[in-house]
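Data block below; observations after.
We just call them A, B and C in the order they show up, numbering each chain from 1.
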């Protein structure tokens, strides 16, 4: 059996420590975690848009989008909504507690389609969690990209994630940040209305030289994609990331299948062109 | 209505030995294979055929019928512990892995394993499936079509790879194909049973057997055109008609030799919150929670969408881009569905626009 | 560097109560009869009340209350209300608690008084009898563990999650799932009126394993195709009335509700 024990088992998660956590908004918590094995922590490389499988022994395992950027190695950041068995247990964990992770999985955003182009990033609600990864990646490698527009819509000011960070970003001259909430209150300093309303603030672009990225709740995709199409952005230059049930993350368990594709291997990032062929995608 | 060509054949084995063995030697020879691992094969269990460990070679049942639960159960076990966990983390459990010789495997079953290989052996490999596969010898046996055999339509009635030995039953003797180096070792072990000289008479007998077999199929379907038909009928109301009668019992997934889906669950030890195990067991896309994500959104709540995914995998494409469809024509869905939803009724309905009545 | 320690504050053992109302007490008995597991359970929790196993109940605040049996007297009704107030988590165990059991077979059929009178005549009772109903007819139930009796592996999977502060996992699959894994031939193929597809699994397909049809005792599988299943059974030559009577027989009361709603 020694030979068997030597096999790298892709299902075996590795121990990681919660370095720091704080609440983003009610029932949404930010976690910084790091592999306990320091070598693993420093060598863990990933692409924006990829995800990890996180385990709490005895409770289960679920996929989580990585919210940090690979340009800042060592620490992985997750934004987690308290919504099921696993997240309920995760919310009981404190700093320095141990969780188990494996990955990274999935294809991630297609960076080669973004370099030397204008970039429009549109986030709705929790979709901002994986998009934060590409956002910081772009800002850390700012000279590789042309103009960058970041549009983010939440339902209310109280549901706006990463408020401090994103409000500060507004001061930067090299990125245009546009924020909105469906229902505002007296203190909300930005726009009111659905995220598609922000498109009117985007100046003229050359659609062939633009890549668009959108992540949000399933209902949002159609409306945002319509705006991209109005801007004449080619369908294969619109990237979106999808959520599915997953049990393995590596194309074995079948749960995330969409026709013959597996969201965990062939996605979670697809182009709008892909979704026209795979009608179940969105 | 045979598939036109071997588009999907994975490359023939160039120099395969074919030998002859008198039928009277069969049991003694098969028994001798226990030297290469524990013997497994179809046995009678509660009146049904079932793949199991053979305590005695006399328990082995070689017939034209297939066991109700396909061979996948020996490689992708119905339920097993993947890992144990304690305060030090997760430790894989490989206790199911042993050297095995699996006897009496029909061609469609061998084809199903080659298809499952595409899923489980694709990188990163599933170490459980891969180890079970690498430690198992496959002793194939020919069969004649039964009531619902469809393998002539799916071109899976013969195999050219995926076995160590393959026995074709020509009554008083067998023709034996040697498909691997291990298979050759097995023959070498009891050389005296095998006749190296295959005569023209034998060849003629074999050709006649093939012809007889080909004429015995009672049922067939338009397998070749199904990928296009599936694509064209994605929005067909036929799916709703089948959805009305589907019981979502999941039996089709359990009996289909190329259904690979599984789910995973953790179980704590009662005494200790740091100890327990992570189990995996067969699942079905026919069950309502299959595509349900935390937060309550169900990507495939309707029965029609569940049926489309299942039949898409069987009749359109499965596993990878331009991969072949998953159906190997074993006929188990025809045997098993209590409301007659199967590859025959689905393909017929999509072509004729009529849901077949019982 | 690789030393791993889960720094958890030492928590007091969870306080657990196990109660029985109207029923055969078979579920409590099953817990007691699990030998090794019951000893482990006694080690890892603080059992405050378990009259069947120990005669000194302490009736105070509880983390988890397991309740067996249906409510069929006024005294029981008052008791379950009190338990609910004291328990953070209340689990209904066994069919009588989950769906009423055989004693609730005719609930809602004619008037209770009439039936009562027919069976017992004019008698004075020690405590006022009520029409037998499941626990959730009186108090909110957090988790259901059906079964007649409950299955030990399921019971301990649930218990261990609860006492370790994790949410139990639901099992929303029909009996057919386990039935096929047990390699049984589908009884529907032989035109036998089996309720497997309508019934929540977890029992390990106990009846079909012996060639007997599922009688629906674990209650409804929410996703069941109630409408077509009834049509299928009718095509076997059963009248709708016969089918409904079969379902009623073993606490399939909640299945009937789905059928009345016209299926799904």
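In the analysis below, a residue touches a chain if its C-beta (ideal position, glycine included) is under 8 Å from a C-beta of that chain, and two chains touch if they have at least 3 such contacts.
Just so it is clear, the structure is predicted and the values come from calculations on it, not from any experiment.
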If you tally contacting C-beta pairs, which comes out ahead, A-B or A-C? Let me know.
-> A-B
Would you identify the chain whose C-alpha centroid lies closest to the centroid of all protein C-alpha atoms displayed?
-> B
In angstrom, rounded to a whole number, how far apart do the mean CA points of subunit B and subunit C lie?
-> 38
What is the distance in Å between the mean C-alpha positions of subunit A and subunit B?
-> 38
Residues in subunit A with touches to at least two other chains are numbered 15, 58-60, 84
By residue number and range, which residues of subunit B touch two or more other chains?
-> 89, 265, 267-268, 273-274, 276
Subunit C: positions in contact with at least two other chains | 4-6, 160-161, 164-166, 169
For subunit C, which residues count as touching subunit A in their complex?
-> 1-2, 4-8, 160-161, 164-169
Complex contacts: residues of subunit C adjacent to subunit B = 4-6, 37, 40-41, 43-44, 156-157, 159-161, 163-166, 169-170, 172-174, 176-177, 180-181, 183-186, 188-189, 196-197, 222-225, 228-229, 232
Residue set of subunit B touching subunit C in the complex reads 45-48, 50, 68-69, 78-79, 87-89, 244-251, 254-255, 265, 267-274, 276, 281-282, 284, 287-289, 303, 336, 338-339
Given the complex, residues on subunit A that touch subunit B span 1, 4-5, 7-15, 55, 57-62, 81, 83-84, 86-87, 100, 218, 243-245, 247-248, 250-255, 257, 259-260, 279-280
What does subunit B use to touch subunit A in their complex?
-> 82-83, 85, 89-92, 94, 97, 119-120, 122, 124-127, 131, 234, 260-268, 273-274, 276, 278, 283, 285, 290-295, 297, 299-300, 305, 308-309, 312-313, 316-321, 323
